[in-house]
Structures are given as structure tokens and as C-alpha cells.
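Going by the order they are written in, the chains are A, B, C and D; count residues from 1 in each one.
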Amino acid sequence: MTAVDLPAPRRSSLDVVLKVRELGIVIALAVLVAVTTISNPRFLSGQSIRDILLGTAILAVLAVGQAVVVITRNIDLSVGSVLGLSAFTVGTLLQNSPRLPVIVVLVVGAAVGAVCGVVNGALVRFGNVPALVVTLGTLYVVRGITYFWAGGSQINADELPSGFLDFGNATVLGIPYLVLLAILVLVVTGVVLRNYRTGRELYAMGSSPQAARLAGIPVGRRTIGAFVVSGALAGLAGVLFAARFGTIDAAAGTGYELNVVAAVVVGGVAVFGGSGTVWGAALGALLLTTIASSLAVLEINQFWQQAIVGGLILLAIGADRLVAVRVAAGLKKRGSHVS
Amino acid sequence: MSQRKNLAVLAVVALTLAACGGTTKSSTEGQNTAAPETSAGKADPNAPLKEGLKIAYLPKQLNNPYTDVEVGGGKVAVGEIKGEYKLVGPNDASASSQVSYINTLIQQQQNVIVVAANDPNAVCPSLNQARKAGIKVVTFDSDASKTCRDAFINQATTQGIGESLVKMASELAGGSGEIAILSATPNATNQNSWIKVMQTELAKPENAKLKLVKIAYGNDDDQKSFTEAQGLLQSYPNLKVIVSPTTVGIAAASRYVSASSYKGKVAITGLGLPNQMRQYVKDGTVKKFALWNPADIGYLAAYAGAAMSSGQITGAQGEKFKAGKLGEYTIGADGEIVLGPPTEFTAANIDQFNF
Amino acid sequence: MSAELTEVRAARFLNWNVAIIALTVIVLIVAAATVDSFGTSQNFGFLVLDLLPIALVALPMTLVIVTGEIDLSVASTLGLSSAVMGYLWNANQPIESIIPLCLLLGAVLGAVNGLFVTVLGLPSLAVTIGTLALYRGLAFVVLGDSAVADFPAVYTDWVTGTIGGTSIPDVLIIIVVLAVVFGVVLHATPIGRAVFAVGAGEQAARFAGVRPGRLKFWLYVASGLISGLAGVLWTLRYSSARADNGAGLELAVVAAVLLGGVSIFGGKGALPGVIAGVVLLGSLQNALRLSDVSNEALNVVTGVLLIVSVLAPNLARSVLQRRRT
Amino acid sequence: MPDGRPLLSVREVSKSFGAVAAVRDVSFDLYGGEAHALVGENGAGKSTIVKMLAGVHRPDSGTIELDGIAIDLGGPADAKAAGIAVIYQEPTLFPDLSVAENIAMGRQPLGRFKTIDRAAMVQQAAQLFVRLGVSIDPNRPARGLSIADQQLVEIAKALSADARVVVMDEPTAALSGVEVERLFAVARSLRDDGAALMFISHRFEEVTALCERVTIMRDGRHVSTDLLTDVTVDEMVRKMVGRDLGALFPKQDVTPGAVALSVRGLSRDPVFLDVSFDVRAGEIVALAGLVGSGRSEVVQSIFGVDPRDSGTVEVVGRTLKPGSPKQAMAAGVALVPEDRRQQGLLMELSIERNVTLPRSRSLSQLGFLTGGRERRSAREWTQRLKTKYGRLSDEVGTLSGGNQQKVVLAKWLATDPKVLIVDEPTRGIDVGTKAEVHRLMSSLAAEGVAVLMVSSELPEVLGMADRVLVMREGRLVAELSRSDATEESVMFAATGQEARV
């Protein structure tokens, strides 16, 4: 090729693809809601929407954290366990000192999660152990610690201060606090990832770890940072969990990691890092929650839900690969070595 | 058909198991009831209760407040008869982990295993192994198959519970309207027998105006029950009563309703723990619910097990034994020992109970 | 040159495979000496039965991980196999045709994984997390929350029984035979050489005439097949077919394989080490339970062992490398 | 010529990897406003120098001084902060990010609340491209850019960083004549703005066209630093090689036999198009051309590791089906690939496993391998090639580059090939081994093996080959006999110099 026929400036095709990707989820959501509503109009009642949003809030907060980690080409499977530990911690805390303001509780929850995140991140960074293995291990360990601590005890709603439970149910202008909090987390993370140098460095690391190192990006520090964010958000989700459900035992959040990873992958975050947005991840969380709700309303056997989640993951990664191949074929004009 | 035969041949080759023709479910029906003949020897009603008996409790899972109360009663009883109390159990309500624990208890040479079966059949082979080793098996809460336990402590007669659930539902619905059941798991033995009785009751003319629209399953998981309650109310706008014969379900449903716009429109009843339900009774979400005293179940199980291990009883129908503060009990058909009638809790009496 | 030699020596010293076998033997000896009734023949039987599914699934998993891939869907395949077994049994099908069908089903489920990974070239982690959810979900669709019991006593007794008058469990035969088969395939056939080659460098393996896609595909099929078999044996052991059978088992299997010295990056590992890893996890669990140590502690031990098993060789290597560069 | 103090000085730096000393006591100075060439054979230590300047490797001893002050480059960030920009042979971009973002990474223009001002960032990139005289869309992702365009993005990166020292590691290797001209224009303007340029290239005409000063390295050591006006190309070559050229390439004269490999109309869009040639038994045919001209892809396609769109390959009359290395091996083709670490060897596996991998089936008995036969065969072949190693069970990665290459050769010679394809057979190996490899190829040809050699080293091509095929941009553009092949004629065909304006 010669340099003369360089591509003329045009709209980034990658951007378009990403837009299409998120649009796909929105369309799927719209169709789902439409079908469900036709079969049962109460699906769109205020209460029902509130329930879905509340359910989404917790999953979305987790998914945002997970997206940050996945964008750096890592994964955090310990989020469910971290959520449990944080929920039990704040539950116990509130039992003992019911007068604590909600904001302090939120901070404590996030701090508990952040500590777990530091452990994960440090093991990945200094131990050179793949994140999958590290977080699989801490999934066991953190859950074990929670069981150890909680024993058989359960914290019931009547043991929690009503102020805290109100936080789980109260609304501003009809929007529950939890949802507002989730939106806040989403917007802040989204803006940092898109508009701040640190955020862009996370994408760079995921896109090409080697190039990131050569570009002088502090890869190790950012990796730990990503895990701390994921941990802290899982801890925060633990507080939301406690406020929403009121009943906390050592098993809180068991198996959540699967839904979270599903939300992120369905939301278009590439498993090998470098692309995807937290908006997509949050949309993925909304879609999964809505599916669960719709199944109940449509009286489709609840058991289909997990199968649908699995199918969606496969569909999402399969579609992403096909689109990527097509885009790559379009962008690439020469040079394809064996890789 | 020929394909199936081919596969059958394949199977024989693969597993080198001699099998003539196809072994199907119907061809084996009734063959699997061979229970080991244990506890030979006759009951000696006057035998004293042995001291130092090792009595182990294996509930469905450990982190359940209801279970904690039950085994708490057992601990008291074991203390009274100067035995060794032990509590083991899985964190997940799965039969496979229970089997591992039963095996462990056999190794530890316990005298009595008091177990709530997660699956009536899956635990059977292990329980029978325990019985072969001379261990007495008492089930509570959720029975194992009759062929693999010595006695079953029934909280209340199935009939009694089913009737009282329907009675409460009918009162709360004002005699007519839609009701739904929020149960635990679809294969929970106790739940299903109660539901069966309820369905029979509902079929009676006096309940003709009550319509059971759905049986939902919350898996005795707080969150799942919460979501299921949510789904019920969305799907059935005219629902008047949710009956939840499980403590996890009733608490989750009450919590959902108390914080939602359905409060006051939909009544919740069923079987619940007073401590868990107090808040919802006081805020008016729940008018009444019922339960036996769970501590008494564990308590009674300890005495029944000890009596058997000491040779006072063998588990045969009609035998009598003393169960400490609870007085004398008679063993019913199939080794069932019925605790007594359930108590109804309302705003008026709930503060008298603490469990 | 001398630096290289010390390195070789250090590497031999740090050989995880040898270490894990030694550790397993020590744990077994200590447990037998200090834990009452750990060493009884009956307990041996229980131990083997408890190990059965993990041991079986760990065999193909070892090969899959040595090629640098992973299969997280094994426990769900086990569950679906069990659920289908229950469903067909309820439908009054003969058990002799149900069992091969369930094995076939497992192979098909594995093939689906294999196709996604090799033909579409998708990361196996994501694919098998997807099928983990999908297969488990299908198991629930097939059987719901109900349990099917009453499998013929001939079969269930065989699975829980012992050989003749000995105290050797019948299922040990299956474990031993399959372990030998997989061990020989991995360590003494051209297929095994190719497995290591693909894991050590897929591109170089291709340049040496190995077809990595085909190889991986068949490994996934084997993984599915063995998981299906584990599902059948699980069902017969508990005489209970349930959709949630074996849930979470994949973590224990991966933990055992990594503990056995297989590198998560592929290219390294040995089957004897994996067997030792399985036995170590199982006997530790058994002994701790007999000593009335709670399940919780067990979780922590498993998690820590998992991390340490990957961390230790890595740290050793990076210390060596730091000295080198 | 600027006089006075050097901008950057390298003082007696040394660096070893394991037992291999890559750089020993090397010193030289870079001056602002001057372009400085660093030349030497492959494996002379140039890349290690580059990596030390980039902060990737830290010298074992010696210092790097900036403005006379010793600096410690502990990581790429330090090098960046010191104003050193490095443009690698293979560009290091983030494929998922936009071109503008790639350029600005770490220095994005900030707006309110320290957020990235995207408009300004794109604007900046666009301006840089105007200055470079190229039209790349700053908004497009880096994925899919040609090597040349990626190179330009790298240069834009250095420009945007206002780098005072710009190191270019063989940037022209994959560029066409026009692209090279444009690159040089940019480089000169950088130099004229006062930057110190370090330029690494194998092409002497480029070195003389761009640079004022040249440092020559050989076997990890500094040989000389001269003004280019003081030294001729011949002298440079002699200093680089350090020995008589003629003795290096002992091609024996052989009368070619029957056609062993016949390639007809081989195409794979967009990598190569309609490639046809024959190689006869006993002949050594070189496939020359610039990096990226499609040579490696052609031989990989012949061997079957790469697919092909159309065309046929025949080996001794047998047609090979596409995409099957297995079948190619069975037909008697062996490929010693270009990239030893990724394609040739399994670095973590033992020497014996590497040597016997392609033959694991034929070495098995009843389908089983017990290790003994493999070990014996591996020992025989490694000894035949005089490979130096500790134990056969050692990881092949612990060997030196030359011995690694011998393992690769042993691996393939053991398959008893009729057609031996070697891709850059002597890249990165020491001089002694190089001669051994050449002798080996020559004697194989004498035994009747057809040898197809891809090489970027012109002396090697000219010395070894009976015929030279030259590729440019995916096409076979020239076939030169041994007598017609000169450095000029080959380079002329490879670069298409007629395109130069």
C-alpha cells in the first residue's frame, strides 16, 4: 500500500459498533417489557417498576465494579462473598449502634469491600497469579470468614434500626434512595472511565498490557486500584443488600458473581479487556433483573431464568466476536501474520 | 424401540452389569423397601434412661433461626438426661453434604442421630448404615423415608396444620377470594403434605368461595421468597391472602408487603416465628399466624432417641415413653410421634412468646 | 553456567508435583495417627465416595487446563446429566438405556463448549461461565425442584458397595481405571505430547503439525463425557436425581487440579500430582470434619490452598528471575 | 554540526540475561540537533541499548546521563519524563483506543475539573498529522492500522511529547520508499528543532541519508563511533562483521536435480498475490524482500499453518491440501520458522520434547511413548548439530539463542525433509553458530534437499542462494540468478526504487 490512499476522516466505526451494542440491549429490554405488559398490564405499575429498579440497583453497583476490573483484562469472582461479608458487618454494626447515620454505614461497607479488593489486587499484582484463580480463592476465603464470624446467626429486620430500613425503601420524587445511589455510582465511574486520565489508562492496560507498560502507565498500581474499586462497590452493594432485604445471614450474596459477570458480559464489556462501558454493564444488570421479573409475571417456569442467563452470555460473546471479526476485516487492509 | 435396545446393549457392555431386559421404574417398584432389621429385641418400658448418650443433631442447614430454636430445645433435653450434645450440619441445604455428615457421625459412634432430611431418599442409605451400626435415627422437621429411620417427631398432625392454615386464610379473606401459597421447596416433605390437606379442605363446600390461584416456591431462601411474593402480587392483583407455611417465606412476604403499596390490602398468614413476625404483627401487616413451639420438637426428639437407645421403646406403634417436662407420649403409626396442636399468634398474645 | 545449574537445582527442589504428593502423604499419616476412626476401612469407603466426583472430573480437567483452557461447566453438566437421568427414569425408561444416554448427553454438552472455544475462538473462561449457567438452568427446566428417587437397588448398591468381601469400594475401580487411562494418554502418547505442546505455545505447536482446535474440541468432549458419568454415579450414590446435584463442584475440581501442580497458564502439570491434590483436599476435609472442625474453616483452607498452590511456584520463579536479570 | 556538551550520554553500560552478556561496556554520546545511527548485526546488542534508554531494562552497570547528570531509568515512565521517546520496530499501540487517544495517552489535554478535553485531543492529533503530512482519522481505533500508519502514530506520539531524545528502532523495516522519505522529512525537522535522534537501521543508504554520526556495535561491544563523513560503507560493514565476508557463506556448487517444490498462483488476500516458483533438489533459493513484504506468510501458507485463498503447492509431485501442516510434513516439508520463541520452540518444555514433537507419532510403539526412544533420538540429533546443553530435560528456554536455533534445526532435520524451508535461519545467533548453520544448509543441499530460505540479511542471501526471488508488497517482483544478484539489484527490486520521487 502507499500512504497516499489513507482513509479519509470519518466517524469511528468502533464507536458506532458500541452504540449499536448498547442499543441492542435497550431494544431487547423494550421488547421484553412490551410483551410482559401486554400479558399483564400491572407489570408497568409504579410498584412493579420500583421493584425492578431496586433489584437492579444492587446488581448494577456490582456490575459497575466488575466492569472496571474486566476492562483491565482481569476478573473478580469474589464479589458475592465480599457483598456477604460487608452486609453482615454493617448488620452487626447497626445491631450494636443503631444510631449510626446511614452515610457512615455506607462508608464502612465500602471500606470492608475495599480491604478485600486490596488483597485481591495485591495477590494479582505481586503474586503474578491470574485474577481468576486469586478471586476464586478469595471467594472461598471471604465466605468462610463470614460463616466463621456469623456462625448460625441471622440478623433480622426487627434488629435493624428503622432509619436504616427506611433508607432501603424510602424514595425521593418516587425514586428509591438505593436507585439514586446506584445511579450516582454509575455516573461517577462512567465519567472517570471516560473523561479522566486514570480511566483511560485502565482501558489502555486492558487493550494491550505490554504497550501500557512501555507507555509508562503504572500497571501494577492501576490493577490494584481496579480491584479496590470493585471490592469497595461490592461492599457498598452489601449495605444496599442489607437495607433492601433486612434479613442478613452468612449466605448473603452467594452465587451473585455469576449474575454480575453475566451482566457485564451481556452489557458488552469484552472479557479480554480494553473495551466496553459501565453504562453497558448497568444496562446488562437491568436486563437480567427485568428478565427475572418478567418470568414471574409471565408465569414462565422460574427455572428458565438461569438457562436464559447462560444463553445470553453465550449470545453476547458470540455476537461480539462476529462483529469484531467483521469490523477488523473492514479496518484491516493488510498484514495478517499468524498470531 | 430397537434403538433403545441397542443402547441397552451398549450399557451392559459399558458397565459390565448383568441386567436382564430393561430395568424401569415400574419394574422395580416396591423392591427398594428392604429395610435392615435393626433394633431386634423387645422394648423394656422400665429400663432406665442411660447416661452419657451421644446425641447428635443434623438439621437441614445451620444458618436458620428456626432450626436454632429447635436444636436449642434438644440441647436442653440432652443436658437433662446427662448426655453429650453435638450439632453439625451443612451451610447449604443439600442432601449430599448431609450424607457426608451422617458418615462422619457413624465414624464418631454416636448413639442417636436426630436429623431433618433434605431429601427423604438421598440420606437413606447412610441412615441405614448408621442403624446397622446400632445408632438410633430420629427424624424431625422433614421426615426421611419410613424405611430408614426409627421415629419421626411430627410438629403437629398434618391434618391439624392443613386445617388450621385454611381456617386462618378463610378468616382473613372474609370467606371468599383468591389466595396463594408461598411454600419452601417443591420436594419438602412436610410442606407438600400440608398443602395436600389444604387442597382437600379447600375443595369442601364451606370453602368453595376461596380460590387457590398459585403455589409459589421460595426455596426457604429469604431473597427468593421475597421475589416470589413480589411476583405473586404482580400476577394476581385480586389476591387477598398469602399463606406461607414456612418461617422464611412468611417473614419475607411480610417484609415485602409491609414496605409496599399492598400493605393493608393483602393479608399474610402461615407458620412463623414470633420474634421474626413481631414487627409485622405490630404494624398490622400480619393479623394472625400459627406455630408450635419449635424448641419442644428438639426436646422431644432427644427423649425419644434416648428412650430407644436405652431400650425403653423400639419405635413400634403404641409404645409409651416420658419426655421430661412435656409429659408422656405414645408412638403412633409408622413411628410417628406427634408433638401437639399448633398455637395461634395475634397482636394480643405475641408478646408472651420469645423464640 | 553455574547460575544455570543452581537454577535447575532450585527448580527441582521446588517441584510442586513432588511437594504435593509428599504433603498428601504427610496429611494422611498425621490424620490417621491423630484423628479417631480416620484410618478405618469404613471411613476409607466414605472418603472414596466423597472424592468420586471430584476425582473423575479432575482427570479431563487436568488435560483441558494443561492446554491453557478451562472448563467451568463441569458441575452443571453433572447436574444436567443427573436431572435427565431422573426425568427419563420417571418416564419409565429402562436404566440400561438411560445411563448411556446420559453419557452421550455429557459428551454433547462438552462438544458445545468445544465448538464455542475452537470454532468461534471465544475465551473458554467466558464460554464455560455461560454454559455453567445454561446447563444448570436446563437441569432445572428438566426436573424443576423435585427429586427422583427409587433407582434400582442393583445399581445403587453397586455404587455404594464394596468389592467382594473387601472394604475396597466398587467405584474405586472406575477411578483407578480412568486415572490410568488419562495418565497414560497425557504422559505416554503422542496426544499427551500434543496437549503439553499446545499449552506451552499454541503457535509453535501448530508449526509442529499439531491441530490445537481439534485437540481442544475432543478434550472438551471428554470433559463433558466424564462429567456426565459423574452425574450418573452421583445420582446412583444418593439414589436421588436432582437438578442441583453437584452445584459448586467446579470450584473444588479446579482447586484440586491447581493444587496438584498444573499451571493455570497451561503447558505444565502431571496427573499423579492432580490425584494427590484431590486426595489431599478430600482427606483434609474428611479429617477436619471428623475432628468437628466446621465447614467454614474448610472453605478458608480450600481457598488459601488454591491461592498458595499458584502463588508459591510463581513467587519462586520470579525470585529466580529477579536474580537472573 | 553542533558542538559542546552531549544531550544524552551512555557510559560504560553492561547488561546480561542469565549467562548471556547482551551488552558489555558500551559508551556513546547523542547531541541535540544531530541524528546518530546505531548499526550492527542482529544480536549485536542494539535492541538492548534501546530498551535501556526506554527504561525497560536497567543496566547492570554503567550510567545513562542526561545533560551531564546521571539519571536512573527505573521504568518507561521515567524515560518518558526525561523526554526520551522510543519508536519500536513493532509499534506498541492500544488497539481498542482511538488514534488520538493513543497519541495523547498520559498527556491528554485537560479541561474543567481535570476532565479530558476530547475535542482538543482530537484537534491536537489532527494538527500533528498535518505536520507529518499524513491523513489518518484521529477518531478511528488503532486496530487495523497498517504497520506504516502505526509507525506514524508512534512518531506523532513522540512529537506530542516534545521529546528531546527520539530513539527509532528500525522504523523503516516495513515502509515503502515514499513512506521512508516522508518519515525522514519528519525526522529531519525534529532534528532541526534541536532533538537528539538515534536511528537504527540495516540500510546503509538510509543511514548515510539521515545521520551525521554512527556508532557500530558487534557482539554486545562498542566498536567505534565516527562522523559519517569520515567512514565509508565498506569500512562500516567490516567493523560490523569483523571478519572476511567470503568465508561466511560456504555454498557448495551443486547441480540442481528435479523440481521438489512447486508453487503456482498462491494468493491470500491481502497478504500476497499470485506467487509462483519452483525449488529443485539440491538448490538453495532465497526469498528476499523487506520485512512485511509477505515472504514469511508465503512460506507459512506453503507449510499449511496459514490458510490460502487460491493456488497450488506440489511437493515432489504430490499436491498439498491447504491448511494442513501435518500433510506437508508427511510429504517431506519442514519449516524452520521466523520467530523462534513463538513459532519454533516451546520455551517451557524440555529440549527432548522440542526435538521430538513433530515425530511423536512415528516414535511411538503401539501408540505409546515411554520416553526412551524420544530421548535417544533427541540425543542423536542434538549431538549431530553440536548443540551445547546441560541435560536433555532442561527447559529449552535456558539455552542461548544459537543453541536454541540448533534445537529447532535438529527438530526438523530429524523428520528427514525433502524440502527444507528456513525463515531467517540466523537471526539473533552468534557468529560461530551462524557459520555452522550456513555450512549445514549447504551440505543438506549437497545431499539433495531443496532449501527455500527467507532472509533479510543481504550478505546471507547473496552468499548462500543459487537463485534469489524478491518479493515486494505481496508480489513476486524479481527472480535473479546467482550471478545477477547484487546488493543493488536485490534492494532495487525489494524497495521498488523507481517509485521514489
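Assume a contact is a pair of C-beta atoms (placed from the backbone, for glycine too) under 8 Å apart; a residue touches a chain by one contact, two chains touch by 3 or more.
Just so we're clear, the structure is a prediction, and the values are computed from it rather than from any experiment.
Engineer: Give the chain pair, either A-B or B-C, that is connected by more C-beta contacts.
Structural biologist: Between the two chain pairs, B-C has more contacting C-beta pairs.
Engineer: So which chain is the furthest away from chain B, centre to centre on CA atoms?
Structural biologist: Looking at centroid distances, D is the chain farthest away.
Engineer: Roughly how far is chain B from chain C, centre to centre by C-alpha average, rounded to an integer in Å?
Structural biologist: 35
Engineer: How many Å are there between the centre of chain A and the centre of chain B, using C-alpha atoms for each centre?
Structural biologist: Distance between chain centres, rounded to whole Å: 38 Å.
Engineer: Suppose each chain is reduced to the average of its Cα coordinates; what separation in Å results between chain A and chain D?
Structural biologist: Taking the mean C-alpha position of each chain, the two centres sit 43 Å apart.
Engineer: Specify, in ascending order, the residues of chain C that touch 2 or more different other chains.
Structural biologist: In chain C, residues 144-145, 203, 206, 295-296 touch at least two other chains, as defined above.
Engineer: For chain B, write out the residues touching at least two other chains, lowest number first.
Structural biologist: Touching at least two other chains: 91-92, 217.
Engineer: Which residues belonging to chain D are in contact with no fewer than two other chains?
Structural biologist: In chain D, 305, 343 touch at least two other chains.
Engineer: I'd like to see which chains touch which, written out pair by pair.
Structural biologist: So the chains that touch one another pair up as A-B, A-C, A-D, B-C, C-D.
Engineer: Can you list the residues on chain A that touch chain C in the complex?
Structural biologist: Contact set of chain A toward chain C: 75, 123, 127-130, 132-134, 136-145, 147-148, 258, 261-262, 265, 271-272, 301, 303-311, 313-314, 317-318, 321-322, 338-339.
Engineer: What part of chain C is in contact with chain B in the complex they form?
Structural biologist: Residues in contact with chain B: 36-38, 40, 42-43, 46, 50, 89-90, 92-97, 99-101, 103, 144-147, 149-156, 158, 160, 234, 238-240, 242, 244-247, 286, 289-290, 292, 295-296.
Engineer: Residue numbers of chain A touching chain B in their complex, please.
Structural biologist: Per the touch definition, chain A meets chain B at residues 40, 42-43, 45-48, 51, 55, 147, 150-154, 156-158, 165, 168-169, 245-247, 249-251, 292-293, 296-297, 299, 302.
Engineer: Which residues of chain D touch chain A in their complex?
Structural biologist: The contact residues of chain D facing chain A are 54-56, 75-81, 86, 88, 92-98, 101, 105-106, 108, 110, 114-116, 118, 134-141, 143-149, 176, 178-179, 182, 270-271, 292, 296-297, 300, 305-306, 343, 473-474.
Engineer: Can you tell me which positions in chain D touch chain C when the two form their complex?
Structural biologist: 17-19, 57, 303, 305, 325-326, 328-329, 335, 337, 342-349, 353, 356-358, 360-361, 364, 367-371, 390-391, 394, 398, 411
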